[in-house]
Amino acid sequence: MSALAKAASAWRSTAEGVRHAPFVHAIAVVTLTIALFTAGLARGADALIQSLLASLGGEVRVTVYLEEGLPEEDAETLRRGLEQRVGGAATLVTPTDALERLGRELPEVRGLLVSLEDNPLPPSVELAVPEGRRTPEALRALAMEARRLPGVTDVEWGEEAVARLSAIARVLRLGGAVAFAVVLLATVTIVAATLQLSIYARREEIEIQKLVGATDRFVRVPFVLEGLLQGLLGGALASAGLLAFSRSAGPHLAQLLAFLVEGGVAPALLTPRLVMELLLGGALLGLMGSLLAVRRFLRA
Amino acid sequence: MSALAKAASAWRSTAEGVRHAPFVHAIAVVTLTIALFTAGLARGADALIQSLLASLGGEVRVTVYLEEGLPEEDAETLRRGLEQRVGGAATLVTPTDALERLGRELPEVRGLLVSLEDNPLPPSVELAVPEGRRTPEALRALAMEARRLPGVTDVEWGEEAVARLSAIARVLRLGGAVAFAVVLLATVTIVAATLQLSIYARREEIEIQKLVGATDRFVRVPFVLEGLLQGLLGGALASAGLLAFSRSAGPHLAQLLAFLVEGGVAPALLTPRLVMELLLGGALLGLMGSLLAVRRFLRA
Amino acid sequence: MIEMFHVYKAYPGDPPVLTDINLRVEKGEFLFLTGPSGAGKTTLLKLIFCAEEATRGQILVGGRNVARIRESAIPFLRRNIGVVFQDFKLLPHRTVEDNVALALDVLGVPRLQARERVRGMLKRVGLEHKADVLPLKLSGGEQQRVVLARALVNEPTLLLADEPTGNLDPVRTLEIMDLLRDVNVRGTTVLVATHDSTLLSRYQKRTVRLEAGHIVSDEDGVKAARRMVGA
Amino acid sequence: MIEMFHVYKAYPGDPPVLTDINLRVEKGEFLFLTGPSGAGKTTLLKLIFCAEEATRGQILVGGRNVARIRESAIPFLRRNIGVVFQDFKLLPHRTVEDNVALALDVLGVPRLQARERVRGMLKRVGLEHKADVLPLKLSGGEQQRVVLARALVNEPTLLLADEPTGNLDPVRTLEIMDLLRDVNVRGTTVLVATHDSTLLSRYQKRTVRLEAGHIVSDEDGVKAARRMVGA
């Protein structure tokens, strides 16, 4: 009964607080919303970068050149071996295929090529390297290994292109991490500051409650409840904002991206998972922020 | 005398305010600092993206194929004409040059090429297009124009590559603009909210000043002064933070970028201009924020 | 100095706090305002210095109609009125000296000159040794005297004192009342709202009695004192 | 109920506010604490309910040594002490009823039950019609009675009243003092700090007089009253 009464009292106190000083609460909620919205955008941007990188990475190809005149059977065995080793698709390119492709790629020499009697191009195997192994180091190791196989004359894997791509990836990942860290730090700091300030504006109330015999817990609970509610509300508003943003900017972005990468990357800005994370993050932020803030004043 | 006394009184009031409630001021300054720091980072990132795009754009080349057997003189005239029209470097590539280059680029067909009696490749002019004209539309127009010139058989300009690059540029620019807008909006909102809250914590003071006959101006000036100081301090701290950041992350970033783009992009994160902008922005934010905030309470 | 004609004051949603108040206070007069708790004494004083607006009626202060005063003119009206607030209204984070000096700051009096006047005023209320202390660290009676010092430091033409001795011991009360009489003798019009019947009988000044928002009596000092003793 | 042995209180950097206080108050006693402004009355009360810590000496309240009490035990001590603060300390954004109910809320009394008790208490101080009003909208005397209601609503074993009638008219003062006497008769120990000499002479209770931090006299009611009349 007494616990229930206390809960009721805490709830009433929270409600009264919000009703009588809507201004302070509005500011806390707005701050939380902005912080969470920004964090959500950062998350979305990160996901976008990841999928962009993945799709760009699809272009990383390793070509394993085989001995001229190697029997198709042996070539096929080699192909299968490489496929297993790499864990990605391996395609056999016969000399005829290779010549055809060259002609397609360089129309100006096509006439010249068809007039050849002998096909000077060797057979080769093209490997599509799966995501995890697209680093320059992994590719170099793979090339070395393949080179040692019988029947293999040379391995080409666009060392420079891969290195460049991985550098881009690193820059973007680093940038993303820095941006996310900055946003997170700013979020936590600003939310904590706002909640501190909102409690600071009510320090008299805390003092009075303590003077009439309130325990620290009694004082704390309404503030914590308030922080929790503010956080949840902030998370919900941030989700709504992201929804609105992805509704308005999404199609435009998707169009651009579809053009950019063959596969067509769907910029899923607002997943149910992200909504959950925003709500949870907001609740946690509000909770922690107000706990820390109110502790400061209880100690003083 | 009276004006001086009022200024002195306003100054004293500001100083006392800061001295007796350092907490509220610290929070306002921290908020401003974070906001300005983030804005500064965004600015830096934008500059980085711009220079990255510029350097990537350097790879856009337009090749104008000339009639086979065109006299060198005519070719040179054409080259000069194109150079003037485009406003960038135009290089004449003779059939011999072209064959050499093809051999270099495709070692596997080199043997095959040197055995040719007749050089099947036409002479061409390669154009380096200046930055402003690298959009797909401008390039398409340029190509159409060049194609109509006497002696020109064909124009190639990697339509797809250019379109792709310009799409990347658009995505990055759009992303940058959105990020900057979000940061700016968040900055303004949060700073205004913080200042409002800090004044809210002092609404009693305002009330009392008015009761003893203070004009609105008298009440306002110390708060505005305070906002200004907080803004300047925030700008200075944000500059210091950016300096520290560029000191610690800069070399790493520069290394990555040097590898990424031939020219070597210097990521000038903290220019004197940016410092000025941060200080000015801080001052403006603080000023406007506190003006708006105090007005709210004077009206009530 | 003050004239009120058929003044009503009601807070929205409540029954009127003041009803048909008619009052004339001459320049240089000393007037007690008395009546039970909640009678409307504080409200009446608030109307005079424009902390509240009358619902109906006219109020002239120094010949000026404050019922129709512009917002921006209020500060200038208040600078001629010293007020001792019942709930003190001291700035908690400024020293006693700064709190008193505030009344001169708003006039633009240079700090050095202000300092001298503030110190002199604090001495007259017996608080010169507390000049550098924060109000929170003062006893109730000390705070009350700081408020009085603030009200008097710019030598107002009108002093409104709301229960100025409620927290003072008998000796201090006499000192403070003598101070108010002094100020009155030098020309300031003084209105004192008080419950303290010993004050009324001791000082024998004109006494206006409010009850539930009505003026129920308005007697000169001798008559009022006689009635007090009789009661 | 209260025992003080050689208690000193000095705020850092200031001369001591209380010097060598020795005082014994029995359970069920009614005691006036008097003395000039700044004598240390409020400070003495603050020591008893742990709003301030004594610099030296021992203080027993209900047999418990509050000089060495744990921080977390203070709320439970305070729940048995009702306090009328000289500066009221009301929550400005809660209604009168909520302010009074606060003293029951902290005990975990269910709202419905609390409501009844609060209403009853407000009636006893004559404020039942102001239950839903915010304290800012009350007159000084009304606020003072709200504070008294809050102090008494949970039937404390000890009541500390700091100038509980400073803003009240004579009639209200008698009503409130009668209320305090009632409470006292029912077993609550009552300490009243006051300047009002008419109270002292009228109620003839034990009177402790503080001057500049020293107890200068401690007389039973009759003796004190006789001296008051003589003065």
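Think of it as A, B, C and D in the order they're written, each chain with its own count starting at 1.
Keep this in mind: a contact is a pair of C-beta atoms (placed from the backbone, for glycine too) under 8 Å apart; a residue touches a chain by one contact, two chains touch by 3 or more.
Being a predicted model, the structure only gives us computed values, none of them experimental.
**Student:** Going only through chains that touch each other, what is the minimum step count from subunit B to subunit D?
**Tutor:** The fewest touching-chain steps linking subunit B to subunit D number 2.
**Student:** Using the touch rule from the top, point out the two chains with the most contacting C-beta pairs.
**Tutor:** A-B
**Student:** On a C-alpha centroid basis, what's the spacing between subunit A and subunit C, in Å?
**Tutor:** Chain centroid spacing, subunit A to subunit C, equals 67 Å.
**Student:** Rounded to a whole Å, what is the gap between the Cα centroids of subunit A and subunit B?
**Tutor:** Distance between chain centres, rounded to whole Å: 23 Å.
**Student:** Could you work out how far the Cα centre of subunit A sits from that of subunit D, in whole Å?
**Tutor:** Computed value for the inter-centroid distance: 63 Å.
**Student:** Subunit C to subunit D: how many Å between their CA centres?
**Tutor:** Using C-alpha averages as centres, the distance is 28 Å.
**Student:** Specify, in ascending order, the residues of subunit C that touch 2 or more different other chains.
**Tutor:** none
**Student:** Among all residues of subunit B, which ones touch two or more of the remaining chains?
**Tutor:** Within subunit B, no residue contacts more than one other chain.
**Student:** Take each protein chain as a node, join two nodes whenever their chains touch, and name the resulting shape: line, ring, star, complete or other.
**Tutor:** Contact pattern: a closed ring, each chain touching exactly two others.
**Student:** Go ahead and list every pair of chains that touch.
**Tutor:** A-B, A-D, B-C, C-D
**Student:** For the complex, give me every residue of subunit D touching subunit A.
**Tutor:** Residues 51, 72, 75-79, 81, 83, 85, 89-94, 98, 102-103, 105-111, 150.
**Student:** Report the residues of subunit D in contact with subunit C in the complex, numbered from low to high.
**Tutor:** Per the stated touch rule, the residues are 11, 34-39, 41-42, 86-88, 137-142, 144-145, 162-163, 166-173, 195, 197-198.
**Student:** Mind pulling up the subunit A residues that touch subunit D in the complex?
**Tutor:** 1-6, 8-9, 12-13, 16-17, 20-21, 204-205, 207-216, 218
**Student:** Over in the complex, which subunit A residues touch subunit B? Could you list them?
**Tutor:** Touching subunit B: residues 23-24, 27, 30-31, 34-35, 37-38, 41, 45, 102, 106, 108-109, 111-112, 116, 120-122, 163-164, 167-168, 170-171, 174-175, 178-179, 182-183, 185-186, 189-190, 193-194, 196-198, 200-201, 249, 252-253, 256-257, 259-260 of subunit A.
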